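Please find the structures below.
You will see chain A twice below: alongside chain B first, and alongside chain C after that.
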Partner chain A sequence: MVIEDNPMVVKSLEFKLSKDGYDVVVAEDGRTAMKLLSESAFDLILTDLMLPFVSGNEIIEFIKSECPDVPIIVLSTSTQEDIITEAFTMGVDDFITKPFSPNELSLRVKRSLAKV
Partner chain B sequence: MEFNSFEGAEHWPFILKINLVLSLFFLVLTLAFVALVIYLRIRKNRMEAYRTRFDRKLIEFFNHFLFDEDFKRAAELGDFKFRYLKTAYDHKLAIKQVLIFDENLKGESSEAIKELFNGLGLYKYLLSDLKAKAWYRQARALYALSKLGIKVPEALVTPFLHSNRVELRQQAMLYFLNTSQENPLAFLDDLDRELSLWQQVFIENSLINFDLEVPDFGRWLNHDKSSVVVFCIKMVVSFNQFQNIPLLIEALDHTDEGVRAQAINSLKIMEVTDALQLMTANFPYESPSNKRAILYAIEKIGTAKDLRTLVSAIGREEENLQIDYYKIATRFENEIPVRKLINPDNITNDWADYQYYSKRVLQGA
Partner chain C sequence: MNTPVKHILFVDADREAQSRFNSYFDTGSFLVYNFNSAMGAIQHIKESKPADVLIINENAKPMGAAQTLNYLSDELQFKAKTFVTSESKGSFETDSAVYEVLKKPFDETEFQKVESALGYTKKISDELYSLDYLKELSDGDTVFINQSIQMFIETVGPRIEELKALSAAKAYQKIAEVAHNIKPSFEMILNKRGAELCNFLAHHAAPGDFKSYVEDLNEEFLLVEKHLREDFLSKENSL
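Coming up: the complex of A and B.
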């Protein structure tokens, strides 16, 4: 599942991950993401931290309470050490900063899924 | 008079005719205005819908170009360009999407975006924008080129540094900062206008945030524009360029008061005691604010003797400086017994006594 509000990034992630053979579900805001997470099960969640309606941290908390074993990768423009540290403290598995390399992201997704 | 028809209208009173004509005129005017508003709204909605559709098309095409290994890049590029990039608006939208992709992606994709940019003829389009007469097209082209880090012949951009429009000067600086790897500030040589404070902050931030090659700022310490010299003095301190200290000391004799002020402060921060001799020699001829700066420089890097030599150069009417002097003198409490001399109600007369006293101390009496 991809949780991201930038249309360009959404489309690119959807395209790239589909090419890699994954089924991609997109939520363009926090509320939709929570609704989808309550209804279905996902193998991996790729999320931004700056989202409409619900913040990235709230999303992470929600995922950790609903499906604690699902790996989370954060994709964010933030490079601030405290934000990255906080994300890892909350239990995310990986943190990718924008601008990102799609090939690198693809490999990190693969590695996170392999750990499950 | 009862109105039944327009028959015999030629016999109507004049005032009635005028009234009717004006009513009709304003009715037509109102209808035309309403029609214009509706037309503009429809046009805007249609453009918005077109933009959404075109953006979607662009994103899809860009994704294929970047991530689809089976995509025949050269052929598809030509086809897309021929079929879809027809108007200036199409080009503008394509450039905007290229910028968004470039902002979000890095690595191999970033290189591919440049290929895409050239392949779609957007480079040529931006060149034509640079040569256009409208300043906003020129500024937009400079912005896109600098964001993408794409170089164009320098002769096309340098004239914008001398533009009357601040927006163009700003974008030209941004262009040079983003595209010159070896000496991103070489454009300072060509500047013939003062740098605003905002521009100075902007350049400094770019140097730090974009991890640019930091040049030797001594190169511009004799620049014609005093704001450039002030900026470079600040940068000498920021980037600890100690090799430029002799030039900073020379700047104490600069004709511009602002440059001298910056030199005094910078030499104080860098704790250059060699500069004290010139500072104290210049003190009597300095502006009140620079005199104050010199006093505080002495507080940080000077001695009681340095401070005392300035007493005779502070006039009886310069009360603010006298207060500053007393404040600083408290730092040298053991050597300058000012507290006994200060009488806040009678500071000017006290100062005269103090000048006499200090003169005697300096003479060794």
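Coming up: the complex of A and C.
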């Protein structure tokens, strides 16, 4: 699942991850993400931390309560160091900066899924 | 634009690499700490001195990059963006993470990766846009690239209008959120000025700055939009 509200980033993630053979479900805001997470199971979650309606901490807390074993990769901008650090303390597994390097994304996703 | 000085830890005993790196980043906007071995960088981090990005050679003494990075992550909870320098590898993996590589000998593209990671562009490029990133991402898929250009115009335009309204209403927090949201769109077409303006609005602007920077961003967007339409969105010129 991709939780991200920039349409170009969403499109690029969908394109690359689909090309790598993954099925991608997108939520463009926190509320939609929470609804989808309650209804379906996911193998990996890539999420922005600045989303409409729901804060980054809230979305991570929700994911951790609904599906504690699913790895989380944070999609960050490079200037979010404090937020990223806090996210790690809440149990996220990895982060990748936007716009992402295609090879780096592939490797990080593959690695996170291998841990499951 | 007053961007805070960024602190770079550079661990590579290769004097030529140090020299090339230092000369590029010797601008007053960056502070580079050179270390011939990882021990100096570890000490720097242990003492909680500033470190916005770490760059370490894959064979850095005494433990090599992999073991050093595992130590920094596990023992010191070091989370800043990290690159590994290498002459051959395209990416670098440890047991627990994957790192982007800066390929030696460094050229400007490698340095720009560091600038980008720091949310900083040292030079305002004259180039309004480039499709290099979209091409790399899609392996040159022209449908994807055309759709992305269209999407840039259709999604960023309305948000710029929103920024103008928010600026008039002096809704500064909301301006920061919108600027943060659209920054990657400018970055994906490699428009440095737009990305830098967004970054400033999102993270560094004071109340007196917002109006003029929103106006600058609007001008930049209109200029890019005009050229993208001329270059790609007419039937004759699409990719």
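Everything below uses one rule, namely that the second predicted complex is superposed on the first by the 112 of 116 C-alpha atoms of A that agree within 3 Å, B and C clash if a C-alpha of one lies under 4 Å from a C-alpha of the other, contacts with A are read in each partner's own complex, and residues count from 1 in each chain.
Keep in mind that, in the parts below, a residue touches a chain if its C-beta (ideal position, glycine included) is under 8 Å from a C-beta of that chain, and two chains touch if they have at least 3 such contacts.
Because the structure is predicted, anything quoted here is derived from the model rather than measured.
K.L.:
Who does A:K16 touch here: chain B (first), chain C (second), both, or neither?
P.N.:
both
K.L.:
One more residue to check, A:P102. First (chain B), second (chain C), both or neither?
P.N.:
both
K.L.:
In the overlay, answer first, second, both or neither for which of chain B and chain C A:I84 touches.
P.N.:
second
K.L.:
Tell me the contact category for A:M8 with respect to chain B and chain C: first, second, both or neither.
P.N.:
Touch partners of A:M8: chain B and chain C.
K.L.:
Between chain B and chain C, which one contacts more residues of chain A in the superposed model?
P.N.:
The partner with more contacted residues on chain A is C.
K.L.:
In the overlaid three-chain picture, which partner chain does A:K35 touch, first (chain B) or second (chain C), both, or neither?
P.N.:
After superposition on chain A, A:K35 lies in contact with neither partner.
K.L.:
Both chain B and chain C contact which residues of chain A?
P.N.:
In the superposed arrangement, which is not itself an observed complex, chain A uses residues 6-9, 11-12, 15-16, 98-99, 101-104 for both chain B and chain C.
K.L.:
Looking at the complex, which residues from chain C come into contact with chain A?
P.N.:
Going by the criterion above, the answer is residues 52, 77, 79-81, 90-91, 93, 97-98, 100, 116-119, 133-134, 136-138, 141, 144, 147-148, 151-152, 155, 177, 180-185, 187-188, 199, 202-203.
K.L.:
In the complex formed with chain C, which residues of chain A make contact?
P.N.:
5-9, 11-12, 15-16, 50, 77-79, 81, 84-85, 88, 94, 97-99, 101-104, 107-108, 111
K.L.:
For the complex, give me every residue of chain B touching chain A.
P.N.:
Touching chain A from chain B are residues 55, 59-60, 63-64, 66-68, 97, 100-110.
K.L.:
For chain A, which residues count as touching chain B in their complex?
P.N.:
6-9, 11-12, 15-16, 19, 98-104
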